Amino acid sequence: MDVGDPLFRTEFAVDVVDLFLAILTAPLLSGWIGTCRAVLSNRTPAGVFQPFWDLLRLFRKEVILPEHTSFLFRAVPFGVFGILSVSALFIPLLNIRPLLGPVADVVVLIGLFSLVRMLMAFGAMDAGTPFGDLGARREMMVGFLAEPATLMILFTVSLWSGSTSLSRIIQSLLSSSDPVHPSLMFALMAYILVFLAENGRLPIDNPATHLELTMIHEAMILEYSGPLLGMMEWSAHLKLFLYLLIGIDFFFPAGLPAELSPPAVILGIFLLIGKLMAAGTALAIVEILFAKLRIFRVPEFTALAYLLASIGFLIHFVLEV
Amino acid sequence: MFLLSILLSPLIGAFVMGFVGHTKAASRLNILFSFLTFGATFLLAWNVFANGPLVGLDEQLFADGFSAIFIVLTGGIGATTSLFSHRYMAIEKSRGHLTGEKQRLYLSLYQVFLLTMLVVLVSNNLGLLWVSLEGATLTTVLLVAWSRTPESVKAAWKYFILCGVGIAQALFGTILLYFASEKTLGPGGTALLWTHLAAVKHTLEPTVIGLAFVFFIVGYGTKVGLVPLHNWLPDAHAEGPAPISAVLSGLLLNVALYAILRIKVLADGSLHNPLTAHLLMGFGLLSVLLGSLSMWKRQDIKRLFAYSSIEHMGLATFAFGLGGPMGSFAGLLHMTAHSLIKSSIFFVVGHIVQTSGSQKIPEIRDVALRTPSLARALLIGGLAVTGIPPFAIFASEFLILSVAVRRAPWSLPLLLLAIIVTFGVLYFRIQEMNGESGRSLSFPNEKPKITFYPIWIHFGLAFLIGLFFTHELGRLYGLALHSIGLTNG
Amino acid sequence: MNPLPQPVSINLFVFFIWIFVGALGYPLLQKRETLLKPLALLLSIGSILLAYSAFLSLLSGTDYRFTVEGGLPGLLFHLHLDPLSSFFLLILGGAGTGVLLFSGGSLHAMSPRKKPGFFLNLSFFMASMEGVFLADDAYLFMIFWEAMALFSTFLVLTDRDRSEVRDAGYLYLLMAHFGSLLIMMGFFFLASREPSGQVQFLESLTFNAMATSTPSTGLSFLIFLLVLLGFGAKAGLIPLHVWLPRAHPAAPTPASALLSGIMLKTALYGIIRLLFGLLGLDHLSATWGIPLLLTGGLMALFGILHALLQSNPKKLLAYSSIENIGILFLGVGLAILYFKSGHPVAGEIALGAVLYHAINHAFFKTLLFLGAGTIIHASRTNDLNAMGGLLRRMPVSGGLVLAGILFASGLPPGNGFVSEWLLLQSTLQAWILSNTLFRSAVLLGAALLVLASALSAMGFVKFFGIGYLGIPRSEEAGKAHEVSFLELTGMGWLAGGCLLLAALPLTLLKGINHVIRSLTGHVFPDTLLSGGWIWIRPISAHGASYSPPLLLALLLAALPLPWVLLRLLRKPSTRTSPAWGCGYSVRTPRMQDTADAFGQPIRHFFPFFFAMKRRIPAPDEKDPLLELSVEDPHWPYLFRPLLRLFVRFSELADRVRTGRISVYLVYSFVTLLFLLSVLRWM
Amino acid sequence: MAPHPHLLANHLVGMLGSALLLSAFANLAMRRLTSLVRIFALQGLLLTASTLAVAILSSETHLLFSALFTFIFKVVLLPTILFRLMNRLHIQGEVESLVNVPSTMVIGLGIVVFSFTLAAPISELASTVSKGLIGVGLASLLLSFLMMITRRKALTQLLGFLGMENALFFSAINATYGMPMVVELGVAFDVLVGTFVFGIFFFQIRETFESLDLKHMDSSSLE
């Protein structure tokens, strides 16, 4: 495709819109989940836009750096935010054939998420506080099984297209006629577990807690303040959003616009919003229902995800080919 | 008379030493005689390789390519050892361990020893061969007992009895051989001459020859140090003075194996079955295994290397048992390599024992700290003797194993086990000796002047052989083996 | 004789430079220590030359055999420069340059007594590795192989006044020798046709002759096993790996970098050369790929799990090398499996990934080892628990190490990721296999692979987080300062190499294509190579793709963007204050996490990978002390019993020695009678 | 075919061989050192006689020299030396045996049977007058070997050693009419030197251990 092509221009425009949409929608999703939680637990919700106000407030504040930190501490928020934004380029929001899609497949994507995790761990450890270390260690502990589980899930899904390219996977899932696949059921179960673990939701981590000894994600960003903290928070919203997006793309792809005609896109947007809200509500329900796990049970939780994904992977080979 | 000339120098040397051996210059004179011998042996070998086998003294003496290799080796190592022993004895003397009388005894016996070995190598008459081998035994018995300590007397006695009995068996073998050959060659002079025997070996009576070979291998095998006939060897090596350990290991064992090989050729011609090969392989393997396994418990450095000699002679024996052009070639190469390296190791060990005042490994410490060059030499010796390339033993072990793969794959697990065990144990000990000291040094302030020429000459040669064993030299080896028929089978 | 092709003559030239400089450097350094820097520079120039010529010959697919006078009668020294050797020479030259440059700066701290010997061994070690890649007959190969083992042992033994160093060197040498013997056996069985004469016999030991041999299936399997175990001993194949985590940390830094980064690759070279080159694909069987694949996967997991428990940074890296070697084994198994089940494309991808991972590992692991060396030197301890806060004090080298960490963790856009990505793509082709067993094995391999690589990220977070970040845990660590320029240059060279490998993999994949063609006769599918330097599309034009340069560009563009925006909108004011301590103002370095704490969840979750001894104090104890020791389970369950067995055997053998002459006479007597009866009645 | 006139001599040789074997047994049984030396002298005499007999039978003249040498060496010289040694060293009395005499004798019997069976096929090949005597020689050799194993004094070992040598000599004479002269002289010389070496040893052992008991010669430690 060459640059002057009108189709190219359209796609480019849609991609850019996708990106900014993702970045801007992400805090909204968190807001929605928070609202749901509040409603479900009989509290007065702060409103869907509350995360935005929080971010705005943070960006206005000054930066307080802990003593003894190196340049890495300051660089991490930018890195995290930048990497997640780039990842957003590869994940189809509306356009299932993003222009830059071929640059990275699902493996690269998961790799980028791991990179984010690693950078955050570095940022946390750089301050040299007990909490930062503790958070980093716990985060890595969650990650070492969640990451392979994610990969296995994606592999299972990718087996449908024989390719790990996201667009290819979605296309072949869209065109698939079978309504139910056992392997995908396993993958979905595993995905839900991984999703909870990776995004620091209950029962793994309580995003709302500030009790030092139980924190994971919050412990890692404890020393950040002002705009730096804002970026970390925003990144967290973005990550949650992207993860959810991947799940929707893979397990509920129906309604994604197969081509970029205005009606299809408009329908797609509404469907997507519906799906996101449904998923957010579901997440809120899960968080209300479950209590936080003991930290040592976490690897068991993620190992369960890993095993479920691997079983799905094997089932596909044994039963479905 | 090339053949006689190589005997002349040690003979005269022995007499001269008998008269003037106690004087100060005698040790240098000994070097002179030894080098003269070496020169003569070298010329002889040159002549043999250039013009073919030599026969002399009414056919009683004889040298072909095969013996020429051993003759040069004997002459050469005899010469370098005399160089080493000069310095070794000088140190002994400076410590008051050496009287003029003892020196005279030592030097004259040294020459006699060289003489007897050369006679073994040039004698065409198998009876004469026996006689001179027995002579070599007697000489070395006296040399082993030379220091007159209770331990050395014990060792010498053990050596004397075991080898005496062993060599008596060989005499019985000789008688049986004579008995068999006499029917073809007629009674009298020629029936024990190897050249004649080789010509008629196919007609010799197999029953008798088989029996004779058993007696030979038990007899001469005792001298080679084949397990389970080896028990004299560690003691004799450990208790004799270091130069004697060096020539025992480097030369005498070779010469005994040389005798067995001469007989093997005859027996193979007559037997038409692989008896000799099986015997050699069996003894060889047993020696390799027991030699290596016994090394772990050794606390005495010379004994340690004596067991290594058993292992290596076993390996060479095994190689000749494998036979064929490559097997025999590998065996001969192994003997050459082992002679060079093991004698040099004994030089090193001799000096180490002198500098640390003990033969016991737990008491030898700090070699690396005290005399770094000795530690280096010991390390290189250890590398060379365990078959690390490119030293010659690597080349021969490489070939032996490659032949064993083709001819006796069943033996490989045992061989490999033995090789790795030897390697492991030797390094463990070497490292131990370089380790921290547990006790104060015996001679803390004395820095004996050590000569490294013989040591580096040997190691250098072994190195060159392993790296550049030229086609020309290989051809000589091949011819030597082929001419006496060791390449068959 | 025709003039030698240019790459060959450069190779020989470099070999002689190394030998010559090494031999000459010894006496020179004894006289004047200051000569070290120029001499090391000379070595590195050789190394650069080597990398350059190897790169050229790899891309042009040079294949040239020649002989040199020497060797055994009838067996001259055979040498051969083909794409496979070129590739590994590139690893040697490329990664070697960084290490040699570094050593020019770092060796000044070594004691003057050890310097000349170290230098000699270093240069000879390099030369012997080069020889290994060039040798074309069994004899020469073994010479270089053993020389390599030997000089590397000497390098390990540099600090031999410490007993653990001596033990490590000893263990290493023993294992290496064991491996060499097996390799030798592999060669001999490959050449085991009974030829007629001496000359033919020895000629069968050239690689050329071995490549034409046709061993039976049983024999092929034996050769396969021998090759695997023989080279495995050098590569750290479980359970022959026990030397590795001891020897690599014991060596001085440049040496451990070379050992871990480059020497381990010689084993990979040997395996590929013998299995694919000499034994040939025709004599392999797809089934053999399975044990290789699964062993590799388990090894990767085992290695990284142990790495996570180490508090010595070099030990951590050594175990991580075991992990990477496991990945390489896995890839080789995968390649065999695919090739032999008739799917060459997936096989090529696997083999290509293995080769690519080999060079990646060489670059990032040397870099990390050098980094580990710098922090060990700076903080005067080899315990991570006494480090910390070093990034502030050593920003440049720390930054380079950080880059190395990112490259090594198998995360995009690093170079390690490229190869792991390729390998995963290959495992994902499992659906083309028709055999369910094969499929399941491949998938299991994939599962292990991703698990191991996720864990490796955790391991590196531990290494960097505890070592470089936080506040210094000891006084020495607080006084650390940046390393010298030459050291930085060396590390920079390696980091640059990693970056190139990460950004432009296609260039090298073209060279790897030559390697695979010369080994298997197959070539990469067109789509892989048609992507210019931008796209990697391993399987098909519409399948998975990855563009390292574009991703890198995007990331580089995205990272500073928020920063710029932030600056443009409103420059936030910044101030420094103490970190949060629950309201308490006391904050000591000991309040930070320890290296052991990082391993705790791993111990908890994978107990069967470790031999652990734990003693929990009773509640009423006066001085309660929690004791915990973690050991490689191969020691208590395999090697110590073996050692005991050996001692038992040698005691048994020693029973022969009674010391009594009569008994000895009985031996002779019985031997004689026995032989006579055998002769008479059998 | 053995020539008829030589039948008597032939019988004589056989007789002498049997006597040698008997003396070897006697060696095993004897307890007194002096008797052992006497038996050795007796063996020498038997050897001389059998050498003479074979010389007459085969009309080999050099065997006459051998007989003379044997007589001088083994009947006169060596026993004298041994007796003088014993006097000088004050060795007398009982010889200790490691295995008791009856057991030794039983083993010896087994050895004789073994040797004869072993030598049977060879004896059939013998063209000499004295065929069948190889078995006797072998048996005597092994019996002397046995004696060396079972006795523990240094001097008895020497006597066993010399006994072996006698057996060898006997075999050589009877199987082959004797070895070539050079060899025989050499062997004789070696034996003589060997005896001297023994002698030197005796003094050294006495000096160092104050006893000739061989248990001192066993290594005390197992090193």
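Labels for the chains are A, B, C and D, by order of writing; each one numbers its residues from 1.
Just so we're on the same page, a residue touches a chain if its C-beta (ideal position, glycine included) is under 8 Å from a C-beta of that chain, and two chains touch if they have at least 3 such contacts.
Bear in mind that the values here come from a model prediction, so they are computed numbers and not experimental data.
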item	value
Which of C-D and B-D has more C-beta pairs touching across its chains	B-D
Rounded Å distance between chain C and chain D, as computed from the means of their C-alpha atoms	70
Distance from chain B to chain A - Cα centre to Cα centre, in angstrom	78
Cα-centroid distance, chain B relative to chain D, in whole angstrom	31
Distance between chain centroids, defined by C-alpha means - chain A, chain D (Å)	102
Contacts with two or more other chains, residues of chain B listed in rising order	157-158, 161, 165, 211
Touching two or more other chains - residue numbers and ranges from chain C	654, 657, 661, 665, 668, 672, 676
Chain-chain contacts as defined at top	A-C, B-C, B-D, C-D
List of chain B residues in touch with chain D within their complex	60, 125, 127-128, 130-132, 134-135, 138, 141-142, 145, 148, 150, 153-154, 156-158, 160-161, 164-165, 168, 171-172, 174-176, 178-179, 182-183, 187-189, 191-192, 205, 207-208, 211, 235, 298-300, 303
Residue ranges of chain D touching chain C (in the complex, touch as defined)	98, 114, 117-118, 142, 145-146, 148-150, 152, 214, 217-222
Chain B residues touching chain C - in the complex, by the definition given at the top	157-158, 161-162, 165-166, 169, 210-211, 214-215, 217-218, 222, 227-229, 231-232, 275, 279, 289-290, 293-297, 325-326, 329, 368, 383, 386, 388-390, 394-395, 398-399, 401-402, 405-407, 412, 416, 419-421, 423-424, 427-428, 431, 434-436, 466-475, 477-478
Interfacial residue positions of chain A with respect to chain C in the complex	59-72, 78-79, 81-83, 85-86, 89, 100, 102-105, 107-108, 111-112, 114-115, 117-118, 121-122, 125-134, 136-137, 140-141, 143-145, 147-148, 151-152, 155, 158-159, 162-165, 168, 212, 222-223, 226-227, 231, 296, 299, 303, 306, 310, 313-314, 317-318, 321
Chain C residues within the chain D interface of the complex	654, 657-662, 665-666, 668-669, 672-673, 676-677, 680
